[in-house]
């Protein structure tokens, strides 16, 4: 049976939208960018022209009222994700939403309820799960070639200067939902979680170390116990002069490492066998690829799932595990006690917002 | 005034003793190896011959009874350090003791009391404090050239196989005092403490991840808050296939990194300026050195202190800060709660032994 | 006295033109882009709009007839450089010409004659001479801090696939003047020459190793003797899967290395002291810079020279040394004998074209 | 049939002898060190004791007169290799001789004649041919997986200070046979030749750049054309502050690189695929090994050949190709003209000594 290309719309034409348009263009026979939505009509028009989208609409509501759309790419600010996603679901469209998918577990559970009611899906963009190295790592781990997982480290050490935070929506709980935990490190520890599976307990600290004009943390650190027994250290920072995104997995039979900044190819991964385990080198390099991790890779997996009628990745269930990790990290950092998976129920202040209780640092200077 | 060389004795002629003899030989006009002590007479004799020490004694007691010694290098197993050090002090000799200096805070405080009574000193070998890079880093930090310290990571990711742990004293609380926290990572986080100063709080986890024949942990992880506000992550492991000793300091004005294994030269350090702070490069490289960190470097500082009549480094006060950190890490890991500096008093089970309470893992297999 | 900004025109709006416009924008008070010339009116208009140039002209002749221009940036194909440069000089304008400045020594000498007649200058773009690292290296070498220069290597190992050479003007002597020697490696060995000074003798080989549709070489190698005694190896390639631009200078007191691809910052340089010469580290890093080598850096030097009324770099005299090196490399490769500086006079076939005699490889396949 | 271990003797117990003894010990069931010969009886005795060799002889002649030996390891100075090897052959023993095997092609051909007469073999130690990476590289190249070989570079950039050359036999044609070409770079370009096969033409330069007390060159450079069309650059130096032994092979389908100093494991090799040739990664890592290149690896191949009754590697024929390359490099450097394989016949001054004619540098200072 011939597959009609899915009709895709991009909502919000800021910087990240181009990555989505590019990803769609990489699958010309499977999906077509048919519409663009932005409150700013000039920006919407320019984007539509650049990417040859036939339709421009001033709002998602007007688009959905007049056009059939199979997949909506939500590239708007985080605080709008939940209501827009729900609107899409009710209109019969599936959603691919940029990270962070929502500002809270509460909002995420709202989306999940509507998804269940409507039978439509919401997937979150965590594109680093889909690079060749990440796929290979999970494959080798599941097949047992690496032995048991023992420990891991996950460092997001980035640098954002004062100019970056001069934008008024930056560094505020109500617009960004959090600091480098929610906005930067999430890419890396979501990948960590995709490899190591369910986490059991988080102990964390957080601080506003250098950027005193921001309300959120600018550094956080967590120790994590996973259900499979792995111990992991997670560090998130936007005050680190030498920038790197680095993950390390110490398995019984090999150390696997990824060191990149904002996207990786197989060249950014390395594997070091334990004594007597040289075979893992051959397994690792057997399907070497030069492709960079990115939105196109995830879109392939999303389209495959739509074809198969299953929930496209990263599914709401998987997304919830990562978002619950974020909430747990904040709660542990703000309360000083470990948090176990499942601890944060609907009545928990960290269920409704990531800074469930006030941050443990002094009042913020007037902007 | 002409300086008579200090008379030095080495007690215990196992593997590490050669590093001490080599260090003494590097200062021929300031110190002389005059005696060697070992229960194993053959080994003592061979060592004395190799390093041209005129006297061999079967025990420290017999040596001290018959010879004047200015400085005793204690290279015996950790469990003997406290009684031997006290014996030296009472005999009027100063002591340079290998790490870990004692098995507990209790023993360390015993030594400190006798040191105060006798006016003689005990210094602990933490040679990595004395390499050119570490000295430079502390100097630049104190002078303010690096700005405030924001965050740090300290990873001791080593690999010890089953054969290593086949020795019966390995991996047991009563003989080694602990696992990679006490025996391996201590080198690195002692260096961390020497740069960042007093620590305030430790939250930790520990596990026996892979070496099930050992009683102690084989992995530990800690989050540390320092008095100067720095947040740090510390990881200690003996189950990591790719081995590295890595420290990273993110200051406001630069990232300073050290990556080596068992000893470093300036080539193992790097510095990355924050935007606009290129001057730190010039400051860092102004006194570049090709010398490797090691016992000879620390011995220079010890002899300088003896000459000046002051407590040689690493002093008992500084040593206590590191040993209290070890005890706090274990207590936090075993009890699940943060530990603040000063929390572990004489009545605390972690004061008398590092595994104050039973380790949180299952019974150890018979050897 | 207030300096009126120099009026600059860009002729040829292909890919490299943007680097010139960007460089001009970096000096807003010293130079202004006042005109753009391109045979393709649409492309010229778009470029002028993008860079806010008030005037667009269909030809250099028409521009010079109607507007005063102080500095013409020649970004047209190499075969047009000589006639256009001479036209500028005769109209009273100075010229900054992209590399290769001409197709032959003959053309370059023609330009030099007109420059002398008119008192106007032609400078060639060799931007890598002007990065912070190159400036520092020449400074330390001249000051004697590195000792004598002993040997050097200069590798341009790039990769250009069949698609690259599908453009009809690529890989042909009459349009590009040569292969990777003339078009790619020239950047690197010009930097080499700027450090080591006059060359004395060249022995070379060249081959068409992999790209059989091109007429020129795709690999060349040369051994060079410099007047200061240095021996150097130069390799130029467009068939090398791992791409790198690498220079290495072995002085008595240090090895200085540069490893980059198409542009460098100080992070791409390293220095390794000879035993006992650790001081060079401090000298090297004393003025560390994060600026990337590029057109803006050279433009600074060009504007300084125009202000001072001197010949702007890279002067015709310096350019001739590099172009004579190219001709000598080809002559040695094609004739099998060493070529000394000065050997290639006006009657030499390699004076009029770089492939003075037929290349020593078989007939080229029809395009 | 049970194999009796071969009876091996080591002649000359200087520094390199231990590598041979260690290699023999790695094959306890295939070869036994039965005798040690050295003019210095004390040194011979100590070496025999250390490596448990039952027999010590003051000269090879006396040893051969009284004992049966299957394999003689010649570790004496280069000027003695030819007469000692011939003595062994006539006594019925096979020989494994350290590099350089002789001081001249003439001596090598003398050995070859006696080998043919006696049916006994002489193999030269070029241990880097036998590391896992070199074996794999030749295998992949021969199987065609890398495509055609296009260009190569081979850099031996080492550093030897004045103290090294203070030994009176260093740096003299009559005792060492040459400088870094004959004594240091030979390891690397022999490996190059083992991969690329027969060479056709060499053009070279050489100089005494820094060590004015030596008679030989301290730097040499060559351009080489191989029979398969590869162009290669070879650089040999003992005046390079940052030391490295680096080979690079640019094939059509991949770049293969080796960067080490005095011995390599698979970690010192890397492979970079050309676009579309990612499969070579898997082929390269399929049989990854942690073993270091060294004498033990070559000895395995030698013993295999003795078992099979064939000439053990590196055979006299292969050795001659490398030695002829050395002679050609010197002749080209000293005469200024290219040298082709086969050019150096028995009447050529470079046939009888590597400095066939006087070196092109000024008279040597008195020692």
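Residue numbering begins at 1 within each chain, and the chains themselves are lettered A, B, C and D in the order written.
Here is the rule we go by: contacts are C-beta pairs under 8 Å (C-beta built on N, C-alpha and C of every residue); 3 or more make two chains touch, one makes a residue touch a chain.
Protein names from UniProt, one per chain: A, B, C, D = Dehydrogenase.
These numbers come from a predicted model, not from an experiment.
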Query raised in the report: Which is the least count of steps on a path of touching chains running from chain B (Dehydrogenase) to chain D (Dehydrogenase)?
Result: 2
Requested in this report: Check every other chain and keep only those touching both chain C (Dehydrogenase) and chain D (Dehydrogenase); list them.
Outcome: none
Report summary line: Cα centroid separation, chain A (Dehydrogenase) vs chain C (Dehydrogenase), in Å, comes to 45
Query raised in the report: How big is the gap, in whole Å, between where the Cα atoms of chain A (Dehydrogenase) centre and where those of chain B (Dehydrogenase) centre?
Result: 42
Requested in this report: Express in whole angstrom the distance between the two chain centres, defined as the mean CA positions of chain B (Dehydrogenase) and chain C (Dehydrogenase).
Outcome: 56
Query raised in the report: Going by the touch rule set out above, which residues of chain C (Dehydrogenase) reach two or more other chains?
Result: 273, 275
Query raised in the report: Which of line, ring, star, complete and other names the graph you get from chains that touch?
Result: ring
**Report entry** Which chain pairs touch, all of them
**Finding:** A-B, A-D, B-C, C-D
**Report entry** Of all residues in chain B (Dehydrogenase), those that touch chain A (Dehydrogenase) in their complex
**Finding:** 148, 150-151, 153, 155, 157, 159, 161, 203-205, 207, 209-210, 219, 221-223, 225, 229, 231, 233, 235, 237, 239-242, 248, 250-255, 257, 272-275, 277, 336-338
Query - In the complex with chain C (Dehydrogenase), residue positions of chain B (Dehydrogenase) that touch it - result: 266, 273, 275, 278-279, 281-282, 284-290
